[in-house]
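Here subunit A shows up in two complexes: once beside subunit B, once beside subunit C.
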Partner chain A sequence: MQMTRRDLFALAAGLAAAGLISLPADASTDAVEAAIKEFAGGMPETGGVDIGAPEIAENGNTVPIEVFADGAASIMILAAGNPNPGVGTFHFTEMSAESRASTRIRLAKTQDVVAVAKMADGSTKMARREVKVTIGGCGG
Partner chain B sequence: MLSRRDFLQASFAASAIVGASGFGNWARLAAQQRLTQEQLLDFETTGNVTLVHLTDCHAHLKPVWFREPSINLGVGEAQGKPPHISGKKFLDTYGLEAGSPEAYALTSEDFVALAREYGRVGGFDRISTVLKSIRADRPDALFLDGGDTWHGSYTALKTAGQDMVNIMNALNPDAMTSHWEFTYGIDRVKEIVETLPFPFLGANIFDNEWNEPAYDSHAMFERGGVKVAVIGQAFPYLPIANPRWMFPNLSFGIREERMREVVDEVRADGAELVVLLSHNGFDVDRKMASQVEGIDVILSGHTHDALPEPVQVGKTLIIASGSHGKFVSRIDLDVRDGGVKGFKYRLIPIFSDVIQPDPEMTALVDAERAPFKAELEEVIGTTQSLLYRRGNFNGTWDDLICQALLEEREADIALSPGFRWGASILPGDPITREDIYSATSMSYPNAYRSEMTGELIHTILEDVADNLFNPDPYYQQGGDMVRVGGMGYTIDISKPIGSRITDMTLLKTGEKIDPAKSYVVSGWASVNEGTEGPPIYDLVEQYIKRKGSIEITPNTAVKTIAG
Partner chain C sequence: MANIKPRVKVPKKAKAGEAIVIKTLISHPMESGQRKDSKTGKLIPRKIINKFVATYNGKEAFSMDLLPAIAANPYIEFSVKLSESGTMRFEWTDDDGSVYDIENKITVA
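Right after this comes the complex of A and B.
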């Protein structure tokens, strides 16, 4: 049989591998940096933001992500390796029990997830975490 | 309270608190053909809690030959550290004598000659004898099953794991965790778990719709006046390394933060001894021990390593008990005033000619096998070569499987997954149907035939190599490199993903693999639902039957650059 590109993802890997093979254009580092600067008004210092994510995505089409930054008024999430890096921004109010949010995002391939937090006093913080999107190995 | 500094000393020192490890005492006796069951089981009962660990038996009920790997490379911080040592280096590290029963049990040195001298290993009737002996010393010993128990044989496949459930229930475990169990599908797992008289644990198994725990994370026991918590950790990468569609609503993962929470919870509930019954794989366990405070003992499974001494990370002891029923671990712990004051450990090799079978268990095993006896014992061919699987790259069993795929499916290139299960067969021995299933039995066995570009084949090899050689253990999935037939390549394990694999060559023409060109590839164990092709065990049987006598020329076309 002649494999189409689409069959191939499924065969080798399941959908999670799609991005690995189709190699979509990366968001350029510039685009990610521009988005961070626009949100934060500069490059924030690293630390003070937790990103919860699997080390390896079970399904690249729906990767559970949790972000937390104590006292944050808003947290922006970027998928640095997606063709379009913007994921969304969570806003918290004084009524929020804590500045924590979770969502599911699509990751086209192995990449960093970036979270940028803006505090009530206007200061900003940032974290990155790599999530691997893989074809899958063969366990013992 | 044992200080961190005390524990950081060599394990010899730590075990010396309660007496030297028993390992090593019987080696020379055995070399003189005087090895006895008493010597194998000799253990000065110590402390107040005994743990017995059996893991990754892969449903091998009868004694087998099992050759340990001659190549087991570690990367990053694990480079050159146990279990990433083999052969003579392994012997030297543990002070074992070449040619001794320990050398036979733990390494591949002189395997065939020593196998003929020391005999087969494992067998559940021998394991039962060992358990009874330990329970005679310590009636309330905790017996813990690390998983990969229901899968891996003809009878396990035909009964969807029921033979193993019946046998394990007769051995009365206190808890288990899992991996290949889930490849019977979620409905079958649910059906079995409902019947189990002991907990099926997995702190890292979650419902992926509500993100809630799907199984019990831990069980509490009281043993020798000590409150013991046993936490289970299933194989983290089940939905990636095995077919996700078979358990679509479950999520796994390493979930280090979750482990921290569960350890804190059991400590808050008064646990004085925290045991992690793990299917993480050794390197993942080593990292987890360094990241999560409060675990006293990790009973490590998945990567099939067998180590004669615990590896200590901070205050945590990591025990590696091998696979295929070849070893049972016993650890006695002295737990007082809320902490571990000392321990004594022994990795007990199950030499089937030395340990007397327990006749009750022999009868149970034979009863499970009786309905399939004729099929199991049918001789399909003979082998002139040693057939084995373990090792980071090609083993001769996979060379045989790859050759069968190339010829039976008329392919240019064959791919065989880097599983670590499957027993060995000695040169000159018959190959029975049971032997074929030992190396191929599974619930998604179809041998596909498809066209792939050179670029895609490269991507697949790079991806699998990164699952094995990523320097961060949390990105390792266990298993070995995918085995290839009809193709050679060079691998530099120290490089990052995308640049480890070079010089891919099509062996039949000697030409370099062209990224843009399509090649006919045959392989098995695809995780995709609906994969078409004959089951691998039928294909291999057909090939062996056609050949009659098997002689393997090992594939030397895979070249390794290590570190």
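Right after this comes the complex of A and C.
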């Protein structure tokens, strides 16, 4: 990725600002559960979803995450310890080679990342994985 | 604000049915709406890209809903398998309604 000096300064300023403000309280377990139920229509069983994430993320502002669930039509990512648990949802199609996607997310602190997969047949699965965060991102 | 510039990494050629990896990146601050202005102490309003769609020959190949917890300069990687040559179009939709797009041709043999 190409970056101009200006971009770099803007980024540095952003990071500094992020470190200075206090973070709102993290999402309650209820909010996480509610988000899972809304997406999956119930509590899915654990297993069948892979979450690829670093064990320790030095910078919570950009944490690489990969999710995979064989046969999933969509996969939702939640960050259980952020002020708002929602992160994003991938939607796969019949053109997808496999139900795998990667992105970079913000994590406010050390917490569980949750992935919920909705299969083409309507069944649902989920997985959790802890990511330790050294410097919190201004997530939410 | 910095220029919003989408970038994609797409193979020019692919074999029919072969899995190819598509990498996309767009420069965007993804202002979460949770951050306070350090001078005024006021919350900076949310402004993020909330939707990403990749279509191939007009048909949806992959999409993603994005929330404020997606890092700045959103990076999205996914894979597709194609059966015919065509154009992959990528569209990112901003909270303010702007759409940023880019197109890439892929020759499938």
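We adopt the following convention: the second predicted complex is superposed on the first by the 110 of 140 C-alpha atoms of A that agree within 3 Å, B and C clash if a C-alpha of one lies under 4 Å from a C-alpha of the other, contacts with A are read in each partner's own complex, and residues count from 1 in each chain.
FYI, a contact is a pair of C-beta atoms (placed from the backbone, for glycine too) under 8 Å apart; a residue touches a chain by one contact, two chains touch by 3 or more.
Remember, predicted model here, so these are calculated numbers, not experimental data.
Residue contacts after overlaying the shared chain place A:97 against subunit C, while subunit B stays out of touching range.
Judged by the touch definition given at the top, the superposed model places A:88 against subunit C, while subunit B stays out of reach. More residues of subunit A are in touch with C than with the other of subunit B and subunit C.
In the superposition on chain A, contact of A:134 is made with subunit B only, not with subunit C. Of the two partner chains placed around the shared chain by superposition, subunit B is the only one that A:52 touches, whereas subunit C remains out of contact.
The interface of subunit A with subunit B overlaps its interface with subunit C at residues 1, 7, 10-11, 14, 16-17, 20-21, 102, 137-140. Of all residues in subunit B, only 56, 148, 179, 208, 211, 235, 237-244, 251-254, 257, 281, 302-304, 323, 417-421, 448-452, 456, 459-460, 463-464, 466-468, 472, 474-475, 477-480, 482, 497, 518, 525-528, 531 touch subunit A in the complex they form.
Across the interface of their complex, subunit A is touched by residues 2, 7, 19-20, 25, 27, 29, 32-38, 56, 59-82 of subunit C.
Those residues of subunit A whose C-beta lies close enough to touch subunit C in the complex are 1, 6-7, 10-11, 14, 16-18, 20-21, 23-24, 61-63, 66, 79, 82-84, 86-93, 95-98, 100-107, 137-140. By the touch criterion given at the top, residues 1-3, 7-8, 10-14, 16-17, 20-21, 52, 54-56, 58-59, 64, 102, 110, 132, 134-140 of subunit A touch subunit B in their complex.
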